[in-house]
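Each of the two complexes below includes chain A, the first together with chain B, the second together with chain C.
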Partner chain A sequence: MLKRTRGEKIFNVFNIFLLTLFSLTFVIPYLIVVSTSLSDELTVLRDGYTLIPKGFTTAAYEFAFKSSPILLRAILNSVGLLIVGVPMSMAVQFIAGYALSKRFLPGHRVLNFLMVFTMMFGGGLVPFYLLVRGLGMYNSYWSLIIPGLFSSYNLVLIRNFFDGQPAALEEAALIDGASYWQSFWRISLPTAKPLIATIGVFSMVSSWNNWYNAMLFISDINKYPIMLVVRQIYIDFNALVANAAAIQGITILPTETAKMAVIVIASLPIIIVYPFLQKYFVQGVMLGAVKE
Partner chain B sequence: MKKTGKRLLAALLLLVMCLPMMTGCDKKDVSGDGDATKLVIYYGGNKVVGANDAEVKAAIEEKFYQDTGNKIDLEVKVFQTSDLNTKVDLAIAGGEQIDGIISNVGSTTGLDRFVNENAFFTDLTPLIDEYGSALKEKVPQIAFDTVTSDGKIFAIPEIAYEGIYGILIRKDWLDDAGLPIPTTIEEFETALRAFRDRDSNIVPMVGYHWDMDRVILPGAYNCVQASYFYLDGNGNIMPGFLNPNYKTVLETEYNWIQEGLWDIDNASRTASSCDNLFISGRAGVYIQYPEIMAEIDIARKVKVADPDAELEVIGPLTGPDGYASFQKANACFGGVLVPATSENAALMVQYYNWLVSDPANYELAKYGREGYEWVDVGEGLRGLPEGAEDIIATSALYDGIFCTLDYTTVSDRLWDTYTEQELRWIDNVRHNYPLHGDAREGVFWPDQDSEMAKNYSTASDNFKNEILTPARNGLLNTSDKFDAAVESFKTANADYLAWMNEYYHEHKPE
Partner chain C sequence: MVIPGQRMTFKRAMKKYWVLYLMVLPAMVWYIVFKYIPMPTGLIISMEDYVPWKGLWKSNWVWFENYIRILTGGALPKVLRNTLLLSALSLVFAFPASIVLALLINELRNRLFKRTVQSVAYLPYFLSWTVVAGLAFNLMDTRFGLFNQVLKLIGLDPVRWYATPSLWPAILTVAKIWKTTGWGTIVFLAAICAIDTGLYEAAVVDGAGRWQQTLHVTIPAIMPTIIVTFILSIGQMLASDSEMIMAMVGNNEILWETAQTFETFVTNNVMHGTYASSATLSMLQNTVTFFMVWGANTLANRRESGSGIW
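Take a look at the complex of A and B:
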C-alpha cells in the first residue's frame, strides 16, 4: 500500500476543504429555495430566508398548482418534449457521428468542416426565426424539437469516440457478413453506453431548460414549456396567476414562497434523474475527448 | 469527378444559405373574420387571459361596428415587456402584420427606440386631425407632447394620474410615542428618531434614494428628483441634480444616514427585503416605490402579519421655507405606435378614438360587459356579478386585454373591495396632494452619437459617483463641494446643455 507523504496529506485536506466549500456555494442556495418553498409566506417576510423551513406548510405548492392552471400543462409539455425530442436527437447525433467517423465517407472532410463551422459562426437570430417560421413550425412543438436535434459539440464527442474504437472490432463483424448498420447497432453502439448516458443527460438538460426558443416561437400559452413559465413568473408573478381574486387585490398572494415552489417543481425532474446517470456522465465526458 | 463533387457541395451550400430568404416569402395573413379588417396589436406588459375574453371581444367589435360602420377583428398579442422588442423585430423581419405596438415612452427600451433608431412609425398627426376628435378632446396636450418627435405624433398616447405617491407610516408607533401625524420635515425627523429609539433592530425608514427624491426631500426644498429635469429661472431645461437646492437634499440625506434615521443599506437592499422589513414590523416608514396601490398591498400584508397595526398614508412634508410637494409621475406613460408597415393606421386611430369617445365604450373594453364581468355598485366602484366567485377561483373573467391603454380621464372604476381608509388614501394621492410643477420625467432625447453627448454622459456619471452617491450612502458630506461641482459641470458641458435646451423648446412646446 502506498504511503502518502505529509505534503500529499496536506494537499488532500486542502483540496477536500476547498471542494466542499465550492460545492456548498451551489447546494446552499438550492436548499434555501426548497426551504422557502415549504415555509409560511408571512414567516418568510418577517424572518427572511432560512435553511430550515419556518412555519412548515405546502401551501405554496397548492397555490402554484391551483392558481396557475398552466403550470401543470407546462410540465406535461416539457415532459412530452423530452420524451419525443431526446430520443430523436440521440438517434440523429449518433447515426451522424458514426458516419462522420468513417474516413471513406464521400465528402467526409467537407461535412466535418461544415459541422465545426456552425460551432463558431451562427446564421443569426432573424434567419433562424425566418427558417423555422417558413418551415411552418411557428407555434408548433416541432419548433422546440427540430432545431435542437443536432448539436455540433455532441457530434464532435460522438465522432471522436467512434473514431477511437479499434478498427479490428468492426472489421471482424464485417468479415462475418454484418452490414455497416448491423455493425453500428450491434457492435459500436453497445460499447458506447457511457457516451449515450452523457449525451442523453446533455440533451435532456438542454431540452428541459430551453425557454428561449419557446419565447421566440410559441405564442399559445398552453404550449409553453415549464422553463418559460418559470421565467415569466419570475419576471412578474401576477402575470401568470389567472385568478381574479388576485387581480382585484382581495387575496394576498404568497409571492415569495410560490416563486420558490415553482423553481423546485421545475428543477426536480433533472435533479432526480441526474444521480442515476452521474457515473456514466463522468466517464462519458472523457470518452470522446481524447483520441489514442 | 472531384470537381463535380465540389460543385455539387457548393450548390448545396448555396441552397441552404438561401433557404431562410425563401422562407420569408410566405403569404401575409391580413384577413380577418369574413369582411372584417384584422387589427393586430403587440402589447408589452401584463394581462391575464380571462374566461370571458371571447365574449367581450365580440361585444366590442359589434359596438364598434354599430358606432362607426367599420368591421374589425381584434387580436392582441401579449408579451413580457422585456420580450416585446425581440418579438417586434422578428415579426417585422418575417413580414407579419403589426398594426400597433404598445409600450412605455421616455425610455430607450420603449417606443422611443422605434422612433430613435429607424423611424419606422406612421406619422399619426394628419390621421388624428381627421379621425381623432375625441382623442384631442379627452387627452391633454401634455400627453400628445410626450409622443411627439420633430412635430410628428408617433403614437396614440394614454393618460394616467400624475399624483400617484404617498408616504406609508406606522400610525400606531406615532401614537405610542405620543406624536402627531407629521406634516413638516421637522416633525418627520422627530418621528424617525422615536422609531429608531423604539428598538435597536428597527430601521426607521426603508426605501431607495430615488424614492426619497419622489416623496420626501426635494419637494420640501423646492427642487426635483435628481434623475428628472426642471426649468430653471431663465426657462432653461436642466438635469435635476444641478439644482442649487439639491445640495440641502444631499446634506439632509447624509445626516439622516449618520443619525440612523434612514436605512444605511438603502443602496444595496432588494425591494423584497424592504418589503420584509416593513411587513415584519422592523421599519416605521415605507417609501420603497411609494405608489399608492403598491402601498395598499403592503399595508394589507402588515395587517395580516400584525392585526393590531395601524397605518396611514401621509402627504408631502413641508420644508423650512414652506415648500411641500411630491414629484409628478408621467401623465402619459405609454401609447400605441403604428408601424409604417401597417395598412390600418386610420382604423387604429378610429378604434382608440372610439374608445375614449364614450365612457360606455371605454368601460366595455376596460372592464368587460356590465352585468357579466362587473356590476356598478355605485360611487364609481365596480363589483363582481353574482355567481362569479366560483369562476374567479381559477380564472379571471376579463382583464381589459382589448383596452390596452389607460384613459383615467374617461373612467376609472376601482373594485369595491377597498376599505374606506384605502379609498381615502387613493383619493388624497390622486387629487389632493400638491405636485412639484417644474418636474419633467421621461424627457425624450434623441440619440446623439457626438463627442459632446459622450462627455455629458461621462460627466453625469462622475457627478453621481463623486457628489451624489457618497452623501446618499452616508459616507461623505459632499455639500461643501456641491456648488463648485455644479459650476464645473455646467462649464464643461455648456454645449450639450445648450443643445438640450434648444431641442426641448423646439420639440416640446407647452
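Take a look at the complex of A and C:
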C-alpha cells in the first residue's frame, strides 16, 4: 500500500463521514415511518413522529388489517397480478426477442425498427387510454397486464443477448432437423438464465410497485393493487376505513399510525428480498449499459 | 441456409421460417395495437372536438383549432415553465449528484463499508413512488413531521409544505435525487472500474496525490460516459417524471401552480374526461421530444460511436 499523506487521511475521514451521513438520509425517513407505525396513536399526536417507537404497540397493523378489508384484498390482487403477469410477459418477450435476433430472417430489420421506433415516439396518453377502454379492459385486471406486456427496452436486451450467441451453438441441432422453436427452447433459452433472472426480478419489482395504470383504469376499490391503496390512503383515508371502523365501534381512529403501517406493509416485500436480489439488479444495469 | 445477398420471396421465407414469424407474431400484434394504432388516433383526436359518446368517427372535425387554442391559450406558458424548470433543476443537481457520489464511493478503501453504502444508496430506486410519497408526507407533516420538528428546534416557524407551491420545484428535485442518485452511480462506477490501473500507477510515479489522480485520470476517463448520459437526458427535457409528481402532489390543486407539467396536465385531463386538448398537447410534446431524442442520439453517436440508444 502506498504511504498516505496527511491530506489523504483527512480526506478519508471526511469521506467516510460524508457517506455515512448520506446513507443515513436514505435510511432515516424509512425508519421514522416504521417507528411511527409501531407507536401508540395518542403519543404520536402529542409528540410527533419519532425515530424510536414511543408506547410500542402493533395496534396500527391490527387496525389496518381488521378494519380495512381493502388492504388484504389489495395485497392478494398484487400477488395475483405478479403471478399471472410476470411469467406471461417474460414468455412473450423472450420468444419474440429470440426471433428478432435472427439477422437472416427476411424482414428482420423492419421488425426491429418498428419496435425501436416506439421508444422515441408515441401517440400519447389519450388514445392509449381510450384504446384500453375501447378494448373493454376498463376496471378489469387485464388492463394492468396486457398493455404492459412488452417493453422495448427488455426486447432490445433479449435480442442482443441471443444475437451475441455464436451461430454454431444452434447449428448442430438445426441440421439434425430440430425446428427453431425446439432449438430456442432446448438450446438457446437455457443459456440465457442470467438474463431471465435479471429481467424477471426487474419485472416482479415493477409489477409490485405499479399503480399508475391502476389509477387510470381501475375504479372498483376491490380491484386496487397494493400501491394504489398506499396512494389513496393519503388522499382519502376515511373512505378506505371509516365504514369498517364504524361497524366495529372504534371511536379513535389510529389514522396516523395506520397510514404508516400500510406504507411498511406495502414496501416490506421489496426490502426483504432486496439484499438477496441486489446482484441481479446491478447486472441488469450493466446489461443495459453494454449495448450492441 | 440462405446464401447471403440472395433475396427471398415472401412465400419462400414464410415456408422456411414460419416458426420464427409465428414467434414474433404476438409482439407485432401487441405493438400494432398498443403503440401504432394510438399514433394516428392521437393525431385525429387532436384535430377534433372529441366527445366520448360520439366517438372517434363522429366527433366534429376542427382542423387546427385545438392547436391554436393551446399555443395561444393561458395554460401552455405555465405548464412549459414548470416542465422546463423541473428538467433544468434535475440536470443541474440530480445529474452531477450521481457522478459525485460515484467518485466518493470509489475513494472508499474499506470494502464492507463500501458495499453497505452502495446497497443503501441503491435501495430507494426499488421503492414505489407512492411509498416515497408516503415517506415525504411523513417528513413534511405540518404538525408531526421531522422537517418542522427541526425548524422548531432551531427556533424557526413551521412551514406548511403542502400549501406552499413555490417550494415544490425544489422538493420534487430533492425527492428525485433521493430516489435515483444511488442507482445512477452504477454506470459511472462501472466506467471507473474499466480504467486501466496502469494510468494510476503512472500518475503516482509522477507524484500525483489522490485528488490529482481523480482530477487527471478518473474524470477524463469517465468523461465519455458523462457526456453521453448528459446528452441523452437533454433529449428527455419535456418528459417530466409524471409518476413522481402524481404520487407526491396527488390531488392537491394548490401545488399544481408549480408542479403541473406536460405529462401530469395530460394525465389529469384524461382522468377528468377532457380528451381533445390533452391529445393535442401530447402530440405537440411527443413531436418535439422525438426530434430532441433523435438529435441527442445522433450527437451521442457522433461523440462516441455506438453509445446512443440505437
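Just so we're on the same page, the second predicted complex is superposed on the first by the 247 of 292 C-alpha atoms of A that agree within 3 Å, B and C clash if a C-alpha of one lies under 4 Å from a C-alpha of the other, contacts with A are read in each partner's own complex, and residues count from 1 in each chain.
The definition used in the following text is that contacts are C-beta pairs under 8 Å (C-beta built on N, C-alpha and C of every residue); 3 or more make two chains touch, one makes a residue touch a chain.
Everything numeric in this text was worked out from a predicted model, so none of it was measured.
Colleague: Is the arrangement of chain B and chain C around the shared chain A a clash or a fit after superposition?
Modeller: clash
Colleague: For A:V126, select first, second, both or neither according to whether it touches chain B, chain C, the two together, or no partner.
Modeller: both
Colleague: Would you sort A:E256 into first (chain B), second (chain C), both or neither based on which partner it touches?
Modeller: Both chain B and chain C are touched by A:E256.
Colleague: More residues of chain A are touched by which partner: chain B or chain C?
Modeller: Tallying touched residues of chain A, the top partner is C.
Colleague: Could you tell me if A:I235 is touching chain B, chain C, both of them or neither one (first, second, both, neither)?
Modeller: both
Colleague: Once chain A of both complexes is superposed, is A:V110 in touch with chain B (first), chain C (second), both, or neither?
Modeller: Only chain B; A:V110 stays clear of chain C.
Colleague: Pick one for A:L42: touches chain B only (first), chain C only (second), both, or neither.
Modeller: A:L42: touches chain B, not chain C.
Colleague: Touch test for A:T5: chain B only (first), chain C only (second), both, or neither?
Modeller: In the superposition, A:T5 touches chain C alone.
Colleague: Please work out whether A:D220 is in contact with chain B alone, chain C alone, both, or neither, and reply first, second, both or neither.
Modeller: neither
Colleague: Given the touch rule stated above, what does A:D176 touch, chain B (first), chain C (second), both, or neither?
Modeller: Neither partner.
Colleague: Across the two complexes, what residues of chain A are contacted by chain B and by chain C?
Modeller: 44-45, 48, 106-107, 114, 123, 125-131, 215-216, 235, 256
Colleague: Under the definition above, what is the set of chain A residues touching chain B in their complex?
Modeller: 42, 44-48, 66-67, 69, 106-107, 110, 114, 123, 125-131, 133-135, 215-216, 219, 221, 232, 235-236, 238-245, 247-250, 252, 256
Colleague: Sort out for me which residues of chain C touch chain A in the complex.
Modeller: 1-2, 7-8, 10, 13, 17, 19-21, 23-24, 26-28, 30-31, 33-43, 45, 52, 56, 101, 104-105, 107-110, 113, 116-117, 119-124, 126-131, 133-139, 141, 143-146, 149, 178, 182-183, 186-187, 190, 204, 209-211, 242-243, 246-247, 250-251, 263, 266-267, 270-271, 275, 278-279, 282-283, 285-287, 289-290, 293-294, 306-307, 309-310
Colleague: Report the residues of chain B in contact with chain A in the complex, numbered from low to high.
Modeller: Checking each residue of chain B against chain A gives 5, 9, 13, 19-26, 46, 48-50, 77, 80, 82-83, 86, 89-90, 93-94, 272-273, 275-276, 279-281, 293, 296-297, 300-301, 304-305, 384, 388, 391-397, 399, 415, 417-418.
Colleague: For the complex, give me every residue of chain A touching chain C.
Modeller: So the residues of chain A in touch with chain C come to 2, 5, 7-8, 11-12, 15-16, 18-19, 22-23, 25-30, 32-33, 36, 44-45, 48-49, 92-93, 95-96, 98-100, 102, 104-107, 111, 114-116, 118-131, 146-147, 149-150, 155, 179-181, 184, 205, 208-212, 215-216, 227-228, 230-231, 233-235, 256, 259-260, 262-263, 266-267, 270-271, 274-275, 278, 281-282, 285-286, 289, 291-292.
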